[in-house]
Structures are given as C-alpha cells and as structure tokens.
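Two complexes come next, and they have one chain in common, subunit A, joined by subunit B in the first and subunit C in the second.
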Partner chain A sequence: MESTEYRECLIELIYQLADDDFLLAYRGSEWLGLAPHIEEDVAFASISQDLMGHAALYYGLLEDLGEGQVDALTHDRSPRQFRNAILVELPNGTGTYLEDPSYDWAFTVVRNYFYTLAKKIRLESIKKASYEPLQQIAQKISIEMSYHMMHWEVWYKQLINSTPEARRRMEESVKTVLEELDGVFSYGRFGDRMVRLSLIEREEVLKQRWMTYLKKEDTKSPMKMKQGEGRNGVHTPHLAKALETLSEVYQSIPTAEW
Partner chain B sequence: MILKEKIMEVLDSVKDPEIPVVSVVDLGMIHKVHFQGDQATIEVMPTFSGCPALEIIKRNIEQAVESIPEVKSLAVTFIRHPIWTTDLISENAKQELKKFGIAPPEDQVNGEWHVPCPYCGSVYTTMDNIFGPAACRSILYCKTCKNPFEAMKPVSI
Partner chain C sequence: MEVSVNERMDHFMSRINQGEKIEADDWMPDDYREALIRLISMHGISEIMGALPEKEWVPKAPTVYRKLAIMAKVQDEMGHGQLLLRVAEDLMEPLGKNRDDIMKDLFSGKLKFHNVFHMKAPTWGDAGVIAWLVDGAAIISQTMMLGTSYGPYGRALKRICAEEVFHAQHGESIIMSLAEGTNEQRALLQDSINRWWSSLLMFFGPRTNAETGHSNQDKNMRYKLRTKTNEQLRQEFLTKYVPRIWALGLTIPDPTLRFDAETSEWQYQQPDWEEFKKIVTGHGPKSKERLALRVQSYEMNSWVREALGSSGVSKVAR
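Moving on, here comes the complex of A and B:
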C-alpha cells in the first residue's frame, strides 16, 4: 500500500460501495412475497441476493485491509459509520414488511434503475484505474449486474410508456429519486483525494455519463442531495431502523459462531 | 500417484450441493492446487458472488481433501482473479447437466441465446425469466414438449 492517505481513501471508497449494495439488497429483500407478480418475485429476490453477494465481496476486501471481520462490519457498526447514499436507505413505502406493507413499485423501479446505472458507470471507472483487488471485484460484479441493468431497464421503459396513471407515478418517482441521486455520485469529504490518488474519476465525469445514457426528458429536474450526506455518515432515521432489523439476530448473541 | 493427482481425484467427488451431478472440477471452479512444504493450498474461483452454496462447497472441499492422510495442512481460498465464467464448464458437465434437466450454457448467436430443451432437444423454447431459483439459473419453457426447464445463465467477460 502506497501511503496512509491512500489507504484511508481506499477504505472510505470501499465502504461507500459496500454499504450501498448492502442496504439496497436489504430493501429489495423486503419485497419478497410482495412483488407485483410471481416471476418478479423470483427475479427481484435473485437480484437482491446478487447485491448482497456484491456487498460481501467488498466487505471481504475490507477485512483483508484490516477493518475487522465481515460479520462485525455489517452487523456491529453504528449508523454514523455507514457510508451509503440516502437513496438506498429510504423505505419502499409505508408500513413494514410484516405490518401493512404499502410499498411503492414505481419508486422501486426508478430507484433500482437509476442506482444500477450509476453503479455500472462507477464500476467502469474503477475498472479503468484503481486499487487492483478492487478492480478485480469491479470486473466480477459488472458481469453479474448486466442482468440487473436489463431487468430494471425493461420495467422502467414499460411503465413510463404505459397508462397515464403509470406515467404520472413514474414521473413523481423520478423526481423523488433525483432528489437524492447526487448523494449516490458523491464521494463525501474524501472525494478530492480519491480522485487525485486515481482510485476513481471525478463525480462530475460520472454524472455526465449517467445523464448522457438517459434521455433528457427523463431527468429534467435537478439532481440533489436533500436529506443528508450519507457518505459522511449523515443519515435519516430509516437507516437506524433498517440496521436494527438486519442485525436483530446477530445482536441477540454477538459472540455466537455462524 | 502424486499428491496433486490424489487431491484432484478427491475434488472430483465434491459435487455442487444444488446440482449433485457435477463436481467442482467439472464446473471449472478449481483454479490451482499448490504446495509449500506441508501446506496444500487450493485456489477456488467463486461462481456467482451471491451464491449461498459457496461456503458449503468450501467446507465440503476441506472435508474431502483433509481425508487424504498425506495432507497435513490445508487452505481453501476463494480468489478474485481470474474470474469464473461458464466457458470453464467441462463438456462432460454439460452432458450431465442436460441429463439432470438443466440446459447447459449455450453460446450466443447474433446476440441471442438459443437454448435447446434438455428433455426433447427442441429449439422452440422461450425465456420465461432470466432469473431463476438460484443465482446461476434462468427459467425457460419448451413449446414442443410443453415442459418448463432451467438453464445455466451464461456468464462471460
């Protein structure tokens, strides 16, 4: 490893990548049994499982870098230590998985499509130049996620070109998602140094690629970071709640062997 | 027989827990077996990152190889590079998969997959769901023999 600064920035970037996939995998898993139809239930469950696998690859790398055991990284960090974007911690709708789930499919489709595209662009940048083991992980994930891109793109295009009500709900969701999308592209307070150390390209470059890929009319409202800067550990109360549920079993007997 | 050959032979008895007709060797998961003094190391390429069978496979490899008396110390590690692709699945495994009712990964023709039905061989099949009951499989339907079937999801770099 080149220097303390390099190591610090690298670890910060990996936490961002890991925590994003980890939280979105959890949000996806909450849809299990509730997706619009049985085929989607299978597909979404499979995608969420893949995302959890991607998070595990990153956490494994963090373990190699001396950050502690994977299980502790996922189940024993406080919300302030999480580096995920706000977008992926937001709930799927009102209610909970167990009680009165009134989940929003339009929001889910837009969130997953916009996030997956951002993830793809981010990993392509890392593949070009970065820390070698991270490049290898990026390559592995890119292969698997090409199926996710196809999936969310089909849903997005079909719904946005569907009935007037579908169009309205999709447009509303696009607005909601864009209000937090800046937080996905952000690298937080270490950003300038990450770029200088060639761990990843500039936020603006990646954002531009994202916008070029999508049609202009889909993204006419501005990208914002409305409810907090997740990359710097500033989160909504939704994250704490999600982590509490995620780590309930682990926290019941933290010393247990799995 | 040298130890490496013995290990490979034992590895051929370690099957995929979800597809018990193919071994980890047939699936192309074993990258390298090497030794340093008494220590044997087996480098394994993980298939799909989210596959819950990976840890079971690792444990099964350990148990199988540790049963060889000459193996004093063993490390089984999942490696990040090179990356596993479905091109590494052996011809033998493809035949076994077909018999088991899973269509092996097919090469793309003009950007499209043509997946023959593993039961009747018909190419008159439709993709019902790219995603299936496991990370590595898709769900298809044969319009000729009217059977649903699974196919290995092609993965290539």
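Moving on, here comes the complex of A and C:
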C-alpha cells in the first residue's frame, strides 16, 4: 500500500460503502413478513440479503486492511464510528418491527429507488478506483445492481402513476428522501483527498449523473442534507437504536462464539 | 349417457387406490376438495405465520453470516406460503373464492395456523430450536405427505422438503455453536428445549380424536392425502431427535420419556391437549400479537393493493 494518507482515505471510503448497505439491509429485513403482498416479501428479502452480502464483502476488505473482524466491525462499533448516510438509518415508519409497526411503503420504495441509483453510479466510478481489491468487489456487486434497479423502478413508476392517494404518498416521500440525498453523495471530510488519490470521482460528477438519469421523471427540488453528517459520524438517534437491536445478542455474552 | 355421482365417485376412489394423482381440473368429490382447501390453506398460512417468530431474530442474529442465513430461511418460509396458497387458490376458484378470502378467514379466526407459531420465542436459543426441531418435525410430516393423492400439492411439497433440509442444517449449526459454547450459551439452549418440548409433541396432533374431540386424520387417510397417523409421525420424530438431544448433553423435560423395547415405541408424558385446543383456536401466548401484526400489515398496505388494481400483485412480483 502507498502512503498513510492513501490508506486512511481508502478505509474511510470503504466504511461509507459498507455501512450504507448494512443499515439499509437492516431496514429491509424489518419489512420481512410485512410487505404489501407475499410475492413482494420474497423479492424484497432477496434484495436485503444482497445488500447484507455486499456489506459483508466490504467489511471483509476492512478486515484484510487490519480494521478488525467482520463481526466486531458490525456489532461492536459506536454510532460515532459509523459512516453511513442519514438516509439509510431513518426508520421505515413509526413503531418497531416487533411492535405496532406502521410502515410506509411509499417511503421504502422511494428511498430504495433513489439509493439504488446512487449506489449504481458510485460503483461505476469505483470500478475505475486505484485500489484493485475494491475494484474487483465493485465489479461483482455491479452485476446485481440492474436487478435491484429494475425492481424499484417498476414499483416507483407503478405507484406514482396510480391512484391519487398513491401519487400523494409518493410525492411526499420524494420530498423526504431528497432532503437527505446529499448525505448519500457526500464523502465527508476526506472527500477532496479521496478524489485526489483517484479512489472515486468528485461528488458533483456523480450527483449530476444521478440527476441526468432521473431528469425525465421528476425532481426539481434541490437535494439537501437536513440532519447530521453521517459521513463524519454525526447521526440521528435512530442509528443508535438500530445498532442496539443489531448487536443485542452479540453483546449479551461478550466472550461467546456464535 | 349421464354418469351418476356414484359412478364418478367409484372411478375417483379407484384412481386414488391405484396411486394415481388427482389434478386441479379433474372431477373430485366436494369433501375431497374441502379437505384439500382446509389442509393446504392451513399449511400455507402456517408458513406465513411461521415467518413471524423467526423474523424477530433476523436483525438480532449475532453474526453477519447468521443474519444472512436466517433472513434466507424466513424468505423461504414466505416462499413456501406463496407456493401453497397458489395451490389452494386453484382449488377455491370454482367456489368463487381467492387469496383475500384466505386472509379474511385468518383474521376472523376461522382459518387456524400451526400450534408452534402461537408460542413465544424470547431468546436466540429459540431461533435455533425452531430451525432445528420445529423444521425437523415439519420435514417428517411433509415427507409423509409427498405421496399425497393431490398432484399439485405433492409437487409443491417436493420443493418445500428440499429447502427444509437446509433449514434444519442451519438450525443444527446454531445449536452446535450454543452447545459447544460458554455455560451461559448452554443454559440458553437448555432453556429453549424446555420451553419448546410440549409444543413439539403437540406439533403432530393428538393420537386419536379422543384427546381433542375431533380430527380429520381418518378421512385424510382414506383419501390418501396422508399415509401415516399422527402418532406414527411423532414416534419417528422421537426416534430421530431424542438421541441427538441427549448426545449434546442436554436434557428433555420429561422424566418418563423412554424407549419401550417390547412395544418398539417411545413412552412419553402426554402434553396437555386441552391447552393445545386453546392454542390452536387463537388463545396461545402470542396468538393475538402475531395475528395483529398480520392484520396491521394488511391494513397499512391497503392503499398499495388499491393502487395496483384488481390483481393485488404488482408487475414487479410477476
């Protein structure tokens, strides 16, 4: 590996990729058994498994880089150490997945659609990254992205062009998701250096590609970063709650192998 | 020439007795159709309700690998539910009914689901025991059903059984980690075995209808929907799993449990069949909450079904 700076930026970028997929996989898994119909339950579960699998690949890379074991990285870090965007940590609705879940399918569709497009664009850029093991993982994950895109795009178009109620709910969700979307494109405080070291292209370039793709669809409202700065470890209380659930068993007997 | 109902019935029974498979469009007596609808919709809805106790443990599973494995398992259960409901839907079509009716029957309590899915699953040990022993029990009863006289059900079961084997292996792997783990992990596991034992015995249903006042096993045997009695299945389960549980150094909460060499049968303490009746009629420890989750999912997504139009299933899924 080249310089300390390179290593630092690389690790930071991989945490962002890993934590995004890990948290969104978790949010997806909360929908198990609750999706709008059984067929969607099965399909969505595949996508959530893919996301969790992608996260595992990235965490594996971090393990190779000496950051610690995959299960410790996923179950034994504090919220401040997480680098995911705020968008993926937001809950699916009110209630919990165990008790009184009042989940919002419109929000879920829009979040997943917009995130998947951003992820796809990001991966295309990383495929040209200067770090070969990351390049290879990006290649591998890219193959699945067209399926995810197709899934969420069909849902998105179908609902937004349907009943007045569906349209209203979808438009509301578009607003909510756009308010946090800049947080997905952000690379945080290491951003300039990541770009200089050819790990990824500039945020604005990726964002422009995202807007170009969606141009015909909708979005005139500006993207924002309303709450926190996930890339720099500043999160909402939702993340702490999510991590508590995700690590409940792992933390219950610290010396155990599971 | 008009064919009388009696002649049709004789022909039907002779087909069944020769081991032929009945298909969805074949003539069948009403009570055969009814028995199938009852059996398959209960089986299908049990798979779907069965996703709920395990789903509780998906995010909490203690490693990334376990999270992935249990998510895949819950997905399989939902997939089995879908496969079975499709079979039931075909049978219900001539009666003018569809999946919506199945859901409504579930919500009203008319359609029952399996006793095990009314129970609490308060620890990670339960996630292991459900996958190892509940799925193990399901494999035994579903394997018996593979020879069922109704072709579409048999074909669905073939795929289901293949996947259940993976589930049992996944369960066994969780169990082994706990059994070989710390004292706390072993205690967690023993506690789960204790909690699930009587539910596992109940899983196969009563020996005769004397215990609960009614049972469909005689009719289902005559129609070759099933080939073994509840008790035969329970004995198979005990033969397969009791030695394995003991081999892990675990105990079973029944001091009378022993294999009687003379009768070649396991002797065991009968579970409380009055309690069983209460559980399956919706008065189990978690019946109300699990059903409430299902109802809530149905209601919170009603706008989605409406938006998708009459089919209720989006293009995405098809």
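Quick notes
Please note the rule applied: the second predicted complex is superposed on the first by the 256 of 258 C-alpha atoms of A that agree within 3 Å, B and C clash if a C-alpha of one lies under 4 Å from a C-alpha of the other, contacts with A are read in each partner's own complex, and residues count from 1 in each chain.
We take it that contacts are C-beta pairs under 8 Å (C-beta built on N, C-alpha and C of every residue); 3 or more make two chains touch, one makes a residue touch a chain.
Keep in mind the model is a prediction, meaning the values are calculated, not measured.
Applying the stated contact rule after C-alpha superposition, one finds that A:H151 touches each of subunit B and subunit C. Using the contact criterion defined above for the overlaid structures, shared-chain residue A:L51 touches subunit B, although it does not reach subunit C.
When the two structures are aligned on the shared chain, A:K140 is found in touch with subunit B, with no touch to subunit C.
Between subunit B and subunit C, C contacts the larger number of subunit A residues. Shared-chain residue A:G68: touches no atom of subunit B or subunit C. Touch criterion met: A:A43 reaches subunit B and subunit C at once.
Residues 39, 42-43, 45-46, 49, 52-53, 56, 151 of subunit A lie in contact with subunit B in one complex and with subunit C in the other. Looking at the complex, you find that subunit B touches subunit A at residues 48-52, 80-81, 83, 85, 128-135, 139, 153, 155-157. Contacts from subunit C toward subunit A in the complex involve residues 48, 51-52, 55-68, 71-72, 74-75, 78-79, 81-82, 85, 124, 177, 181-182, 184-185, 293-294, 296-297, 300-301, 303-309, 312-318. Per the touch definition, subunit A reaches subunit B in the complex via residues 39, 42-43, 45-47, 49-54, 56-57, 133, 136-137, 139-141, 143-144, 147, 150-151. Every residue of subunit A that touches subunit C in the complex is listed here, in rising order: 26, 29-30, 32-43, 45-46, 48-49, 52-53, 55-56, 59, 70-71, 74-75, 93, 97-98, 100-103, 105, 151, 154-155, 158-159, 162-163, 165-166, 169, 245-246, 248-250, 252-253, 255-258.
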